[in-house]
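Input: structures, listed below.
Look at the two complexes coming up: subunit A is in both, with subunit B in one and subunit C in the other.
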Partner chain A sequence: MAANNLKHALFCALVTLIISYPIIGFNLEIQGINITLTGATTSTIGMVLLAAVIVFLFQLFRDRIMSALRSLPNPLPQPRKEPMAENKRARIESWVLTGIVVLALFWPFFVSRGSVDLATLVLIYIMLALGLNVVVGLAGLLDLGYVAFYAVGAYTFALLSQYAGFSFWMALPLGACLAALFGLVLGFPVLRLRGDYLAIVTLGFGEIIRILLNNWTALTGGPNGIGGIPDPTLFGMEFGRRVREEGNTSFHETFGIAYSGEHKVIFLYLIALVLAIITALIIRRFMRMPVGRAWEALREDEIAARSLGLSRTAVKLSAFTIGAFFAGFAGTVFASKQGFISPESFVFLESAIILAIVVLGGMGSQLGVVLAAIAVTILPELAREFSDYRMLVFGAAMVLMMVWRPQGLMPMRRVHIELKKQE
Partner chain B sequence: MQDLLYFFQQLINGLTIGSTYALIAIGYTMVYGIIGMINFAHGEVYMIGAYTALIAITGLATLGITWLPLVLIVALICAVLVSSSMGWAVERVAYRPVRGRHRLIPLISAIGMSIFLQNYVHLAQGSRNIGFPALIEGGFQFGSEDTFPMSISYIQITIFITTLICMTALSLFISRSRIGRACRAVSQDLGMANLLGIDTNRIISATFVIGASLAAVAGLLLGMYYGSVDPLFGFIAGLKAFTAAVLGGIGSIPGAMLGGLILGVAESMTSGYLSGEYKDVVSFSLLILILLFKPTGLLGKPEVEKI
Partner chain C sequence: MLALEDVHTHYGKIEALHGVSVEVNKGEIVSLIGANGAGKTTLLMTVCGSPKASSGRVILEGRDITNEATSNIMRSGIAIVPEGRRVFPGLTVEENLHMGGFFNTKPEIRKSQDHVYELFPRLKEREHQRAGTMSGGEQQMLAIGRALMSKPRMIILDEPSLGLAPIIIQQIFEIIGQLREEGITVFLVEQNAHQALSLADRGYVLETGRIRLHDTGKNLLANPEVREAYLGG
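Right, the complex of A and B next:
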């Protein structure tokens, strides 16, 4: 046994060296037209060797380490803990949520412009993640092209404002509905496919949309994108220094206050906040409606759900369409916030980030998803010097999460009864 | 005459690209055939193979070794060694612990692995694309210069021959060798093969290693053909190769070869007759159409949903 362990440990350490040394230990550098190869610094090579030694030691004492880890108490909340009584929990929850919403409403007036801007982005991601949560977390359909619907929402607003002069409030429902329509049209044929095929087809669809946006230069401006997207207005009041459209008044003149760029940022934040809350509430309602129950039933056991008379297509399609609808919502807000959009913003990585948020938060759990969206968006901003490592950590976190805690950090819980084990 | 030459040129370009797609597609199809999951990180393994080959070639050039056969062989060995180790490690770290869980879980783990590996190379080697030295230059030309000369370059011939050798070797390996037999047994029924004394864990590892080695060969070949590498180029190539695998019927090795060739030709015809920008659209649309109308692919076995 010991000799076997040693052999395995040596092998693992060797593999670690092979996969890390050539890639990390040498740097390709472009000098003029020539490429040169330089060795990495001693400290980098030391790190590679250290990694190999760690792998070696871990594999050598794997059994002991694993048993020691297992005997440690689990610091994360136990998924099997008895949930609180429904009415008591609901009361506490509603108080906490009201508190958070009030705080979120007044918070932007006391902090810097940059933080409010970031918070708006967080809210957009929350909307996206809540929407994707319906598709992936509740209905169990892995959608890797979710960003396509986000793009549809954003481009709908951008194009309508550019060619038809639509305002934000007119474009918002249109963008969302058009995204939902895309979801419906795409979903109809592909939802018959099994889980992993569906993932690939949605990924392909997302790429097709992006390539079309990139190449249809006459309509979308291609890689140059579309600029000059108007800001939202408040009952016809604009937030710019000067009024852009006839018939509108400007916000600071109406209220007789000095012009400040912050008004617009805070207003956008508040819009995003309200829309995110609306998204959360609507989806929360859906989850408790028969259709929400049907999503979960179908996710848990498709054959059982179908034999109980659920229509597979109708149930999946509803999840897909609703998810796409909220992506369109978020897309419109995003276009308005940026004032400029290009296909660059809608790459596959964006889909992967939204998926990572849903997975990290705990598939199906709204609170978990919201917290994960906040964490995933804000953490890289806080650790600026590590921003290069952001995606690396992301990927690793997704893998580790699936290995150790596939239910996510805050898994969805509901009142249930455990079957007693037979004596 | 000129149109015909143009057509043949596109055909040859397509077959060149297609045969490398086929090499990568083998990795997808073998893994899918055995454990029923899409190895999303396979494109990244291929990209790492290309990078390793480039590092080896540059390293040899720095040492002053330029004798072509030696350079190619050393680059090939390095690429295969690193990629296959990577394939083995990926399976060990990201897939084995989640095997047998709900279908989405290995897939998400694989996407995470793919993002991780992309950024691993990105951090180590930078995100710029790096030129791959043209080791094999020149070629044959047909037709006169003033109309349309059709050309077959030596690198294209190298790609054909290498692919042919790899495919033949793989077919022999799968049909004759002990591990190959075990692979086929495991892909038919994993549990039963386990009962009959096959070390299924080892066979699954072997599948990943074989797939990764072929991807590394493709990495070297395509790196030389396209003339540059960057950390993201594995992603699209992986997607294309997956399309090829699905097109031919996922789980079927001859299917992957056929699918790769068809996809390559379809792509180069699109860029030859329509526009190069839309070739990705064509291949993804092809993927969607195949999955909708013939999910088993051209040579795949129909899968019966068991209750």
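Right, the complex of A and C next:
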């Protein structure tokens, strides 16, 4: 037992060294036109060694440490008590949600432009994650190419505005519908696939869309992307200093206030907020409708679901289409926010992050997904100094989540459906 | 009610059913018995349209359903209790039942639900429990109850006694008998030959994809060949 522990501890310490020394111990520096490799300072190397020693000691005495920890009183007592009454909890929940929404409505007027911009990005990710939640969390179809629908939405708006002069409000439903159409088209060939195979095909689809956008230079501008995407307007009022389009007025002149770049940022934020709320409400509605239960039934047992007369095709396609629709929504907002898009914004990593948000939040749980979207988007911004180690921290956070909350931040609580009793 | 006429079914190149003809009349209980791998489940799956028969016809209430989509077949007055129960483990008992009545209106669901609770009072007790946490017998009751939710005129049971305690098997078979009283046609596929045949009006013996024997349940029970092969002499 002791020898076994020693061996294991040595091995763990060695792995720590192997992983951390090359990452932290070497620096690439640009000198003139050359890149030189310099070793880190002795103190850094000392830290790496110290870390290895700590890992070694922890692994060596792990059993004792863990048992000591277990005997400590639990700082976060798990709610063992009876769950609150259903209607009471629903009431509290709706109050809290209303409060958050009201807060979110007024919040941008008191903070810096940068934070509002970031919050808009968070809202876009919330929309994406809520959409993917339908596909992965509810219907149980692992989609690794979700970013493709996001790209379709964004490029629909960009291309329509460039070639046909469409405004944001005209492009929004079109972008979402076109993304939904792509979801439908992708849905057909992948219906017969399950699990890993489905994941691979959707992954391929995501790449196809990106590479197509990258290489179809004549239409999409290829890697140069598309710029000059118009901002949304408010009843024909523009937010720029000068009016770009004939017939429009500018926001600051109409209201007789001084021009400020912040108006536009806040307006975009509010649009994203409203759209995110709409997304959440619509999907919530779907979850309570028979189609939502059909998604879950198909995820739980496909044969049983089919034996009850559910059509596998219809159920899977509906999940895919609805998920893609909201990705298109988010894509349009994203294009408008950035004003410039290129295929680089729609790489596989985006799909992975959105999926990570869904898993982190708890598959199928809307509130959890929203919280996870906030955490995943904001934390890297807060920890800018550590940006070199962002992926390391991200990975560590994922491992910790797996250990402590394998079901996600807020596991899905199944919506309970009750038929009215007939007296 | 249900008739299979010279049905051949293939899995890829392998032929699992070599021209099977079976008939189930309205109001009957018909049992199909056979050893492992004889093609019992394949026969049922062919009725459901997955896989489809490569030749021959499947006729349900005078309508040729050989090439219908599975989802259409399952919505036309026929219900199946699949092998191994297959309840939705994460859904509560009540929600499982509601899934069974997916294509019915709410008042209809309410009515069939009450009826199922009458047949299986045990399910009423467990109404809000997750189906995956119940015992095998309770899950089997739920699977049957779920199939009844669509108000089928005919119900197909695939090995309802699989892996259950003898006392539970007894209860399940009593319920099956009760279904006949209600006018539901029952097509029962079983390995548990003795019980299946004593309950049945008529029985078929399936052997390696062919119907070997066909007689009334009583006669089959007395048949020396059947006694030898399926009833332990």
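Methods note: the second predicted complex is superposed on the first by the 319 of 423 C-alpha atoms of A that agree within 3 Å, B and C clash if a C-alpha of one lies under 4 Å from a C-alpha of the other, contacts with A are read in each partner's own complex, and residues count from 1 in each chain.
Just so it is clear, contacts are C-beta pairs under 8 Å (C-beta built on N, C-alpha and C of every residue); 3 or more make two chains touch, one makes a residue touch a chain.
Values in this document were obtained by computation on a predicted structure and should not be read as measured data.
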item: Subunit B versus subunit C as contact partner of A:311, first or second or both or neither; value: second
item: Touching partner for A:46 - first (subunit B), second (subunit C), both, neither; value: neither
item: Per-residue touch tally on subunit A - higher for subunit B or for subunit C; value: B
item: First, second, both or neither for A:165, with subunit B first and subunit C second; value: neither
item: Partner chain in contact with A:290 - subunit B first, subunit C second, else both or neither; value: second
item: Touching partner for A:303 - first (subunit B), second (subunit C), both, neither; value: both
item: Subunit B versus subunit C as contact partner of A:223, first or second or both or neither; value: neither
item: Intersection of subunit A interface sets (partners subunit B, subunit C); value: 303
item: Residues on subunit B engaged by subunit A in the complex (per definition of touch); value: 37-38, 48, 51-52, 54-56, 58-59, 62, 78, 81-82, 85-86, 88-89, 93-94, 97-98, 101-109, 111-126, 128, 130-131, 133, 235, 239, 242-243, 246, 275, 277-278, 280-281, 284-285, 287-288, 291-292, 295, 307
item: Touching residues on subunit C, where the partner in the complex is subunit A; value: 48, 50, 69-75, 79-80, 82, 86-92, 94-95, 98-100, 102-103, 106-107, 109-110, 113, 128, 146-147, 150
item: Subunit A - residues contacting subunit B, complex; value: 15-16, 18-19, 22-24, 26-28, 30, 33, 35-37, 136, 140, 142, 144, 189-190, 192-197, 199-201, 203-205, 207-208, 211-212, 214-215, 303, 348-349, 352, 355-356, 359, 388-389, 391-392, 394-399, 401-403, 406
item: Subunit A residues within the subunit C interface of the complex; value: 290, 293-294, 296-297, 300-301, 303-312, 314, 414, 416-419, 422
